[in-house]
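In the two assemblies presented below, subunit A is common to both, partnered first by subunit B and then by subunit C.
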Partner chain A sequence: MATITANPPRVGLPGLLKHRAVHKLLLLALAAAVLVPLANARWASGTWPSALTVDFSEPLAKASDWIIDNRDSHPLFLYFFGHVSNVVVIGVRAVYLTFLAVGWAGVTALGALVAWRVAGVKLALGTGAAFLACGLLGMWVPTMQTLALMVVAVLASVVVGVVLGLAAGLSDRMDRVLRPVLDTMQVLPAFAYLLPVVLIFGIGVPAAVLATVVYAAPPMARLTSLGLRGADKEVLEAVESLGSTARQRLLTARIPLARKELLLGLNQTIMMALSMAVIAAVIGAGGLGDRVYQALASVDVGAALAAGIPIVLLAVVLDRVTGAAGEKLGAEPEPHSGRGWLFALAGVVVVAVAGRLAGRLDWPDSWVVAIAEPVNRAVDWMTAHLYSGVPVVGGTADWAGHFTTWVLDPMRDGLQALPWWSVLLIVAALAWVIGTWRTALTAVLAMAAIGVLGVWKPSLDTLSQVLAAVAVTLVVGFAVGIAAARSDRLERALRPVLDVFQTMPQFVYLIPVVALFGVGRAPAVAAAIVYALPAVVRITTQGLRQVDPAALESSSSLGATSWQQLKQVQLPLARPALLLAVNQGLVLVLAVVVIGGLVGGGALGYDVVFGLAQGDLATGLVAGGAIVCLGLMLDRVTQPTERRAKKGA
Partner chain B sequence: MDTTPVFSVEGLWKVFGPKADRVPGDPELTALDPAELRSRTGCTAAVRDVSFDVRKGEVFVVMGLSGSGKSTLVRCLTRLIEPTAGTIAIDGEDVRAMDRSRLRELRRHRAAMVFQHFGLLPHRTVLDNVAYGLEIQGLGKAERRERAAEVVTKVGLEGMEHRRPSQLSGGQRQRVGLARALAVDPEVLLFDEPFSALDPLIRREMQEEVVRLHHEEGRTMVFITHDLQEALKLGDRIALMRDGRVVQLGTPEEIVGSPADDYVREFVRDVPREQVMTVRTAMRRPSAGQDGSGPAVRPDATVSEAIEAVARAGAPARVVDKGRCVGVVDSDTLLGVVAGTEQPAPPGTEQPKEAV
Partner chain C sequence: MRVRKTAVIAAASSLALLTGCGAADMTKQASPFANAQGAKTVTLSVQSWVGAQSNVAVAQYLLEHEMGYRVDTVQVDEVPAWDALSQGRVDALLEDWGHPEQEQRYVKDKKTIAPGGELGVTGHIGWFVPTYFAKKHPDVTNWKNLNKYADQFRTPESGNKGQLMDGSPSYVTNDKALVKNLKLDYQVVFAGSEAAQITQMKQFAKEKKPFLTYWYSPQWLFKKVPMTEVKLPAYKEGCDADPEKVACAYPHTPLQKYLNSDFAKNGGKAAAFLKKFKWTTEDQNEVSLMIADKKMTPEDAAKKWVDSHKSTWKKWLS
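Entry: the complex of A and B
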């Protein structure tokens, strides 16, 4: 028994893999031997041959101009997009005005009492404190703007997501069509969604809401469908055996059985909507994101932090409250829960009316604690003392500089110096060895599409940043993950930290790195590492901990040392989890590296920002397309046969 | 006296796989064994040409190992799985010809099923789970809860009405499943291995519960199991299935006493025969003059009961049916039954215990 469980992973699996991998590589080498000389003979060049690019900027610019010219006259805009846009504007405005009319005290009470009903007293206090903190930081109005946008976007996302999810959950054909689309949307960086909506709606609130919906609806749809499909088959059979109609089955069994997934979907949708609502500041969302964006543009770390803290607080509160609602499912229903809600509602009304009578609807200016200035003084001090010239260790700016010159530059130059066909070959080889010929083909096509779009060089620049960031993330992440898997104490200590870090929107990671490292490519990479690290650590730890205890037990009964155990049992058996960690690391890092365009990361992210800022949508759209292709390529390269349900980060 | 069988199944086939329809009608294909059929056509025949009647008021057990097709068979009865060929009639009405609403009517009122893993709705209380079938029928809340409460009491779950399934033990959950089926007051109860997920002690308790219910209400039951002991204990008649076919159909005594083939014989080899075989099979004709002496036993007493009587009296026992001595059992004949060396009674004389 012991030998059977302990040995095969060590001997059998890698042996088999090697065998298959060698086969695939040989085939690929054969294909390369034929194709490469041909390609090289015709288009010999280090970078992507210009003969193989298609210039999209002119038609895109034309399309963009046409849309701008016809936005007020063409029936498509008048009768469809116009209405959509109006509804969104009116909706956001209405919610915003309601928040203002209820006043700061009323909104705080509403938040706290809803949290009390849904998640208990502790979270209610936390929610109240978070709202008050937003006010204290002088961010009450932007917080309400962001919340108003979120309310509308989340409602729309949930409606769209549930409708799509029902379709995919009930019809196999719809599932086959929707699943790959939703899966792919899940891995694309938020930044890639901005430009297409701007093309249609122009910069402003409608575009921001629409981009948010497109970004936040997929998890709702995926989880709705997953929940409907995951329902216990025997329960459904029992329900059918009692003579139920299809409608009765859906309403009394399938949807209630999927409640857990539906609430998880709501949680993920809210978190992704917040993340996007903040990033959408770039396309006119206003609110907290806009404050961060403006502050970062002028490298005003203090102001960025004052707006960033409310974002983090909102994220943590929203995540905990919706998460607690999910955990409460299945527990004994409280008696008088209707009366509790009534009390809560009455409380909100009382507080709101009291606030109105007292004439204190707006957050009083005298209560604002200005943190921007002290923070900036601290940053100035850091700039003066820590940036460089610290004895022995150097300074943060020195580190960033060294990282750029010794790691990022050689990687970028190396990648750009590689013949274009060899890049494709490497992509194909990696993707095929890890996955199937299908994933390899998609990856190669995506990479080739980047060349065709004519942004080969900046894409490789972005890729070099991604690879550098992922390398660091994986080394640190695996080390911490393995340590946490082997020490319960460390895992307990890490858990709350990981929880908070995983809920924060991508955008806020830029603030501390700018404070520490200034602007440039190194801070973008640093932000990406910090953003991706929690997910990698978590997946690694979970993967190692889920290794079959029987296998571990049998190996220790054979007298394996703990090092042998880790190397010979845990790591091989956790291989799928580790691969998933790599995949997630790549996806998350890419998302932040392109946002790094806002803090001097350059490359594709900068093209998007530049396109938006200059109204040059063609450049931005091409860069956005390249980001999509890069995301697809990186995901497919590290995708084993089947995608598993993964934790939204 | 109603002689129409509750269920009448004739030449039933269920074939899974591509173009399954062609298999039952093709004599060449039907002759193949399962492995050959799969390799030739890619189809699996779960139920192969099965015929039987379920009589009113009896407990009809379908027994077989996993993969023998018994669960598929019971699902075909109410078309939870659509049969491929053959006929099924309930009270003489063709089930396969029913339209959707008629079929719903059948499922709502005439046949209710109890499932192996209970199939309870986790978000509902015990009471609402039991009332669920009535809710499907469109009954008002007050009425269905009232009726559900009665059934909850009947299965011994008083005081647990407001718990959730997750707060119950396995045996209690299956009582809820049983109550849900009983609540709609069906003509026939279908059990799909209802107790195989339970601990042995709880299983015995639940079996006794079923015996008690059957005794009290006389409801027709179709009971699927892979447990021979359970089949012998509950069944008035047993259909033994193998690879989708019924290999033997008869009373427990016939199955144990005269196995139809080696497969059945191997199956029943370890059964304590003295607890299944009745005196009726073991007795010999009374010789003249034995009428008056020895203890009396009923013809449907088990052999083990007769052994006790004979041992206690130290003399052969008389088999007395309605005051008349129909036979005699002595220690030799009884030992012969235990050892399995007695001449089996001629098979085929099916005698349901509850024949009205």
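Entry: the complex of A and C
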């Protein structure tokens, strides 16, 4: 789900850069020298001054009450939201009933044959096996529920995404408006999206689908626009010279030329929809996510895993199939593809009818393999032997305790003790040195908004957890990434591991980390590290591998050792990729640290959980807003100049 | 892909034809997974604690195996469950710990939810210490002496104060106010979910460490980790009216069932059954222990209970 858009390495002269950075910092210092005494004189306090906060809880609570009271009578709901909700329910239901009517054999055949047509025999076998595994784990019906929800959500996301993407791709003005919005939406944690839709639609499938659409549509829109803009100028001119209308040009040239980006967009949309469909269990999405959620309530890691594995399988299969479809598009089209589809369709019909005649539509109960118990035994053993009192190294609980006392506590207290204006100043300085004055301004405003919302302290608590987790993630991630970049074998071995870890639902991580590290901030941080690590490793490896081989050769011909090579050639040249890794690391860590509210992470995540659980949407929405601001700030602070500079791509 | 797409388009367009110009009341909408393939479906809401799972497991088992229904379950916390119940997205909530505000709104004003009678179980929330610790220090069971033990309850999360562990944010709690108003040298640490809290308590118990926790009965964990309640200032009617100024214990609450009004009226046998569903704390604990501790699936646990308590549940079906 990580959006990896590694930029071509662009080497700024270090001397010039330093020069510019010094300039910026001097300017900033000057501004600070004027503003800080003023601010300090007026609102002298360590934390955000209460005179500058606005209390949103009252109006939000009123809004929430009004919605509940008028949901069954107000025209806005009767004639607009009601229909939206209805369409979603009926759509999901239609797909779900279709799946049930086709039966497990039919659905498996459908999946396998579609995979065969678009991606080849190997993936077809994998797809079939994945579906059968879902059944074997006793998760057939939940899998179908999740799939039904996803089909509708992905279709809606694609429609919304393509429409927005067309608008942004064809009109420069729309592009200027939409691009920052879409960029931003992609870095926000899924958790922050849940509350507003619940406010309007209430708990249930419609809210879940809409949250998923809001979360999954942006990549489609971004890539559509990118594809349209990236089309070869010469081809377009040629088409234009043939005297075609704008509409013909769009349909016959620009869209077909952009199909690679469109498929990449579809791939990302599907992946994001899946991850959201799981998290949306918190707001009543049902399906696999709900099974994970229910299992966690009784500390049943085994049952959670039984529902988690189908999610991972679905994710890997969907990712590989859509990815392969994208790659195949570049190649020559096959001559008999129409006939192949006909075969595939016929195959599905035959299998479905056979299943129906055999009366075997539901997955047979006797074919279910119970994995929950052995898994739980393994987990029990782990906690019994590793938790504490292990000689020499100490137990995991001791580590967590030390980490909390020596790293998390000082960081949190330190951040909270900083005067509020100095936090803004640090944010401004970092963002400006790394990016432009625009990114710096956005970052500062986002940080200030947190203060205005009145959640300064919990936000800094969350921030301290994010920073601690990112620090660990980067140290480990860079080390593994560098190792993988230097050894093909390691990279190959890592690939499936990274795939699995990147697509596991965050929920599943939570309970083993609680078993190992107890309750509190340490397990939240641990889960975040595990979740963000794959993306960081991947981007680092890719960045290092993309470094111009010529540069490497010339340096080795000059007699550089491999360590010197790494330090003086590869790492500097891969700087943009490394910065991207930092950026992605921050975004992903934030997403999980927030979910850590479920295991005692406290701070903003807890407020969101509390808001959802108590129906106290005011608290939840304010915390959700703060999470949005925090995500925005962290993203902008680490946003390199290049990403802005490649306007129009 | 094409098959699904056509199905969706067909469904969407037929919907547009049917309701396109009319009003759509989204508060009267069932779950899309309900009533699939002509089966009669009941949607039950499950709350995150195991006791609630037991209620649902047994009700589900009987509905499916004795009455021929298909049962869908949805995990929702209590307060959102009220909302979902009012909208008809779930049909029943089997264990409610008392939400006067929601009762006023949905049962009395909007009349979208109908009371379903008592569950038969009485719930009680309190502060607990493990019995092995209470035996060694008998005076810890009175709140007045808690400050004396604060440093024994310290953890990295609570800093230099004692730790009072709270569970899921969805639970009814006054603990922050209580700590403040009773001037206790404690920090409330929210485990964030009941799962996390139980894991932590089991770990403490394994090492015989002292801990102080928000907990409630009926709860299966008492069978595994015996705990003794800490006496708080006695509960009097209305002493918890102002959430900021609470300084008294939690009440004993007879747990209630609630049904969606339409379902209560038109739900036929299923609704009648759910109204009659009533069992004891011991029954519930028996099932809960099988689910949470023996790690049986809720269905197996329900089957085991159903097989051995025929006389109890026969009454619900009549």
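Heads up, the rule we're going with is that the second predicted complex is superposed on the first by the 609 of 649 C-alpha atoms of A that agree within 3 Å, B and C clash if a C-alpha of one lies under 4 Å from a C-alpha of the other, contacts with A are read in each partner's own complex, and residues count from 1 in each chain.
Quick note on the criterion: contacts are C-beta pairs under 8 Å (C-beta built on N, C-alpha and C of every residue); 3 or more make two chains touch, one makes a residue touch a chain.
Just so it is clear, the structure is predicted and the values come from calculations on it, not from any experiment.
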Touching partner for A:Pro310 - first (subunit B), second (subunit C), both, neither: neither
Partner chain in contact with A:Gly585 - subunit B first, subunit C second, else both or neither: neither
Touching partner for A:Gly395 - first (subunit B), second (subunit C), both, neither: neither
Which of subunit B and subunit C A:Gly135 touches, first, second, both or neither: neither
Contacts of A:Gly631 with subunit B and subunit C, given as first, second, both or neither: neither
Touching partner for A:Gly243 - first (subunit B), second (subunit C), both, neither: first
Contacts of A:Gly227 with subunit B and subunit C, given as first, second, both or neither: neither
Partner with the higher number of touched subunit A residues, subunit C or subunit B: C
Subunit B versus subunit C as contact partner of A:Leu97, first or second or both or neither: second
Touching residues (chain side subunit C, partner subunit A) in the complex: 1, 3-5, 7-8, 10-12, 15, 19, 23-33, 36-37, 46, 48-50, 53, 72-84, 87, 89, 102, 105, 110, 155-157, 159, 165, 168-170, 189-200, 203, 206-207, 291-292, 295, 297
Subunit A-touching residues of subunit B, taken from the complex the two chains share: 75, 78, 80, 103-109, 112-113, 115-123, 132-133, 135-137, 164, 166, 177, 180, 184, 190
Touching residues (chain side subunit A, partner subunit B) in the complex: 232, 234-235, 237-245, 248, 252-253, 256-257, 259, 329-330, 332
Residue numbers on subunit A that touch subunit C, as the complex places them: 68-69, 71-72, 75, 77-79, 81-83, 85-98, 100-101, 110, 114, 145, 148, 151-152, 155, 198, 201-206, 281, 283-284, 286, 290, 293-294, 296-300, 302-303, 348, 372-373, 376, 383-384, 387-388, 397, 400-401, 404-405, 409, 510-511, 514-515, 518-523, 596-602, 606, 609-610, 612-616
